[in-house]
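Okay, here's the structure, questions in a sec.
Naming follows writing order (A, B and C), and every chain is counted from residue 1.
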Amino acid sequence: MIALAAVLGVPLAAAFLLSFIAGYRLSARINGLASFVSFAGSLLFLVHRPAPGALFLVDDLNIVFIVLNCFVGFTTSLFSAGYIGHELESGKLTPASLRFYYAMYQLMLFCMSLALIAANIGLMWVAVELATLSTVMMVGIYRTHEAIEAAWKYFILGSVGIALALFGTILVYLAAHPVIGEGAQGMLWTALLAHAWKFDPALLDTAFVFLLLGYGTKIGLVPMHAWLPDAHAEGPTPISAVLSGLLLNVALYALLRFKILLAACPGAIAPGPLMIALGLASTLLAALMLYRRRDIKRLFAYSSIEQMGIIVFSFGVAGPLGNLAGLLQMTMHSLTKSAIFFSVGHVAQVKGTQRMAEMGGLTESHPLLGWTLVAGVIAIAGLPPFGLFTSEFLVVSSSFSRAPLLTAILVLGLLLSFGALLLRLGKIAFGPVRGETAPVRASSAPIFAHLALVLTAGLWLPPPLVAWFRHAASLLG
Amino acid sequence: MIGPSMIGSVAIEAVQMGFVLLAAPGLVGIVRAVKARLLRREGPPLIQPYRQLARLLGKEVVLAHNASWLFRTAPYLILALTWAAASVVPTFSTHIIFARLGDLIVITALLGAARFLLALAGLDIGTSFGGIGASREVMFASLAEPAMLMIVVTLAIAAGSTQLSSIAAFMLSPALGLRISLAFALIALGIVALAENGRIPFDNPATHLELTMVHEAMVLEYSGRHLAMIELAAALKLLLMISIIVCIFFPFGLGGMGAAGFLTGLASYAAKLGIAAVLLGIFEVSIAKMRIFRVPELLGAGLMLGLLATLLLYVSRSL
Amino acid sequence: MGLGFDIAHMLAGLMVLASLLLLYQDRLTALINVLRLHGLILALAVAWQAHIQSAPELFVSAAIALLVKALVIPGALDRIVERLGIHRSVETVGGIGLTMFAGMALVALSLRVMLPVTAGADPVSRQDIALALSVVLIGLLVMVTRRNALGQVAGFLSLENGIDLAAAGARGMPLVVELSVAFSVLIAFIVIGIFLFRIRERFDTVDLAALEAFRGERR
């Protein structure tokens, strides 16, 4: 109960409170405090889970993501404190939009936690929609031409995706209706799972297609990905971190819930081929697009698309190992990508630009920033000993036994992105110093925390985590 | 089904033929009177169209010197074709002798032939007005006819026959219920009817401005009894389209047997004609005429509606 | 209750008709008027569903739909058009004929897909869901074929109306979803309004072609 209040109630209250507070330092502190309280509350879930109710549900699938959500929310709030201060000073943000920013930040965290904890598929949908809306408003906060274009595109594409996802949800309810009857029971996830084997397979299939298209837009799968690079590049960096690290995961989590339903219904077609196709397309396209990027945030946005493609591919191939690999990759990617965005944010602030041609020799001019960026990029490129290597290795090895040709294509995509990222890294981090060299007040604690976690995970995974993921993987079919 | 004797149905048919011929100018008169009243004018008296026909019949025919036999015979043929079409539609009774000929496709063909002759007559003299009118008329027809056919297909799928009496019987049957496809077909038929008769928004029947004439342009060279016949044919066409709509979609009071049934049918038919005329008048006053290049859009919309209606019926019989 | 079903299907069909009408408009004021009609028909359809399902909560939903989608939002859009002085005609991508034909094809597609698939579901809901899907798809088509931001918003709102119709048709769906759908439409609308102001402010136009210049990395 306390944990629920902390994870859900605190961000909501903080959002309300922060919309009134004008002082920058105070709001930054309240933001950080509220995020910390949610994080602490989520840790309570690890110890004691509430019984599955009509509204909330904590099980093996979402426990890790809830904790991860609150953790990344907390570290991002620490990062954002310093970052926003700098933005205020440089005049890119006005004090009026500051209240808006912090209120929306907490609202967004609330919505994402709600989406993860919701036991009712309708409630989950509502939370994802509200999270989308709050991030849309934040992407456009700088009010430049590019920011508005990015926000408008995100809004339109995101809303269409959400609408399709709602249609899929309605179809799931329609499939459940003859079996479970009317009312809220027909949307309760536990009830749905218990009766899934009696559902009409054709209807469930159609529902899943809509859900895949709808939530897939929010995940950033090709060809619905058009909003992602612009939204990442034009919004404030904390938002890029949250988008990549959290919102993509939440959307994928929603999709996974429905995949479990589909797996529990024997007559339904395997969603595998569709997910494999979308995943591969995303990986390849994003890997190719990495080569010509000139903006650093856009580069890592495409990297997010690529990683999501790998994850969806892995879930498409399925099987216990494949699903486990996907879940692991989701966690690792979230931590790594947000760490990268933290350092990229500071780099962009220091250099005063996001164009990579104007940055160089970071390890010389700003050693701390430079080397953390190097570590982050090595992590995201999938090199050992970081956790992403473990998960990617699992993906490749588990899918190789099932679909060798497709895995070969995936590995091609991985290699392409590997090359692109390291090439870029070389130019930015090493070589002659380019751009401004003023020192920066970087909050390095969040970056270190994330990278340390990813490094540890590469070497040792806590057994309860593996157990939870194994169980979820078995449900995913 | 036991019907009246052959003589009875011939008699009813004769009554129908006479009634439609006499009622058609009256219909036009009612529409004009309603429009005038709504525009806060006195307007002509209701029998003005009859007076106009009488006046034209008494006048001399003035022919252009290069008018061919087609020009001279077209009015007779047009009147005959339109009158024939109006005679086979079951208006107040389904026991007319030509009931089996009362088929939607037959009617479409008859009207098409009449239109063809009118267009040719418009082209015959070689004036530019006639050419404009004919080309526009045929353009409207090229879209209105497919729309009409889609409506016919819809009704045929729904009722199982293209015969108007069977369709009317189907519409009267209790198993019908409310159907979207039929609603769409009604709207589409309304659009087609307006287009075929050259009413607003397709064509202004009261204008003589060259840029806005369609029907008037084709008949500009006619005079005397020829013009009277063409005007009567136009009025008959209006009555015909209204009768079709009424027979298909509002067949209440139709088809009773015996004297009482016959009289009820006649009275209800007259009432429906009156109501339709008033509604048409109100509609024409409240909407503006469309520019010519926008007419294909509206007719296309009518075609699409017909297509949609067919689609809905094709997919599920109960839609 | 054959008549009840028929009226429900009739109202759903009228919504499809209104969507096709939306596809056909090329002037802003007419577009907004058709949106009003769309919202009105939606309210009627939901109210009728409330009647035949004996679900009084749906009456609330119908009232919300009437108020928000038929009155408030089109009224606010009208005011936006006035105050921003937006150019009154909406450029379309592709000709009217082709778009209408595409709209018909989408109706055919959605009927063809949804009717067999829902064979095992509640018979009333089946056809309503199929028609609702057509409304959604046509709304999507409207969004795709309009180059004016307001036109895209109109398409999006008709898409949401279609989803509302589907939700109302699904018998017994809890109020939670309906209220939230209405609620998030409101929020979405506030966002739209803010954006349109910002777009106008920044670009002096609401034509999205102007936005295209700032897409991606063209600078």
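In this section, a contact is a pair of C-beta atoms (placed from the backbone, for glycine too) under 8 Å apart; a residue touches a chain by one contact, two chains touch by 3 or more.
Since the structure is predicted, the reported quantities are computational estimates derived from the model, not experimental observations.
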Practice task
Draw the chains as points, connect those that touch, then say whether the picture is a line, ring, star, complete or other.
Solution key: line
Practice task
Quick one: name the chains whose C-beta contact count is the highest of any pair.
Solution key: A-C
Completion exercise
Cα centre of chain A to Cα centre of chain C, whole Å, reads 30
Exercise for the section: Return the distance between the CA-based centres of chain A and chain B, expressed in whole Å. Expected result: 65
Practice task
Express in whole angstrom the distance between the two chain centres, defined as the mean CA positions of chain B and chain C.
Solution key: 37
Problem - Multi-chain contact residues (two or more partners), chain B - result: none
Fill in the blank from the handout: Residues of chain C that touch at least two other chains are none
Handout entry: Touch list for chain A against partner chain C, complex
Key = 120, 122-123, 125-126, 129-130, 133, 136-137, 140, 143-146, 148-149, 151-153, 155-156, 159-160, 163-164, 166-167, 169-171, 173-175, 177-178, 181-184, 186-187, 200, 202-203, 205-206, 229-230, 293-295, 298
Problem - List of chain B residues in touch with chain C within their complex - result: 177-181, 183-184, 187, 296-297, 300-301, 304-305, 307-308, 311-312, 315-316, 318-319
Exercise for the section: Please give the residue numbers of chain C that touch chain A in the complex, ascending. Expected result: 113-114, 116-122, 125, 129, 133, 136, 140, 143, 149, 152, 156, 159-160, 163, 166-167, 170-174, 176-177, 180-181, 184, 187-188, 191-192, 194-195, 198-199, 202-203, 211, 214-217
Handout entry: chain B contact footprint on chain C (complex, rising order)
Key = 2-3, 5-7, 9-10, 12-14, 16-17, 20, 24, 96-97, 100-101, 103-104, 107-108, 111-112, 115, 127
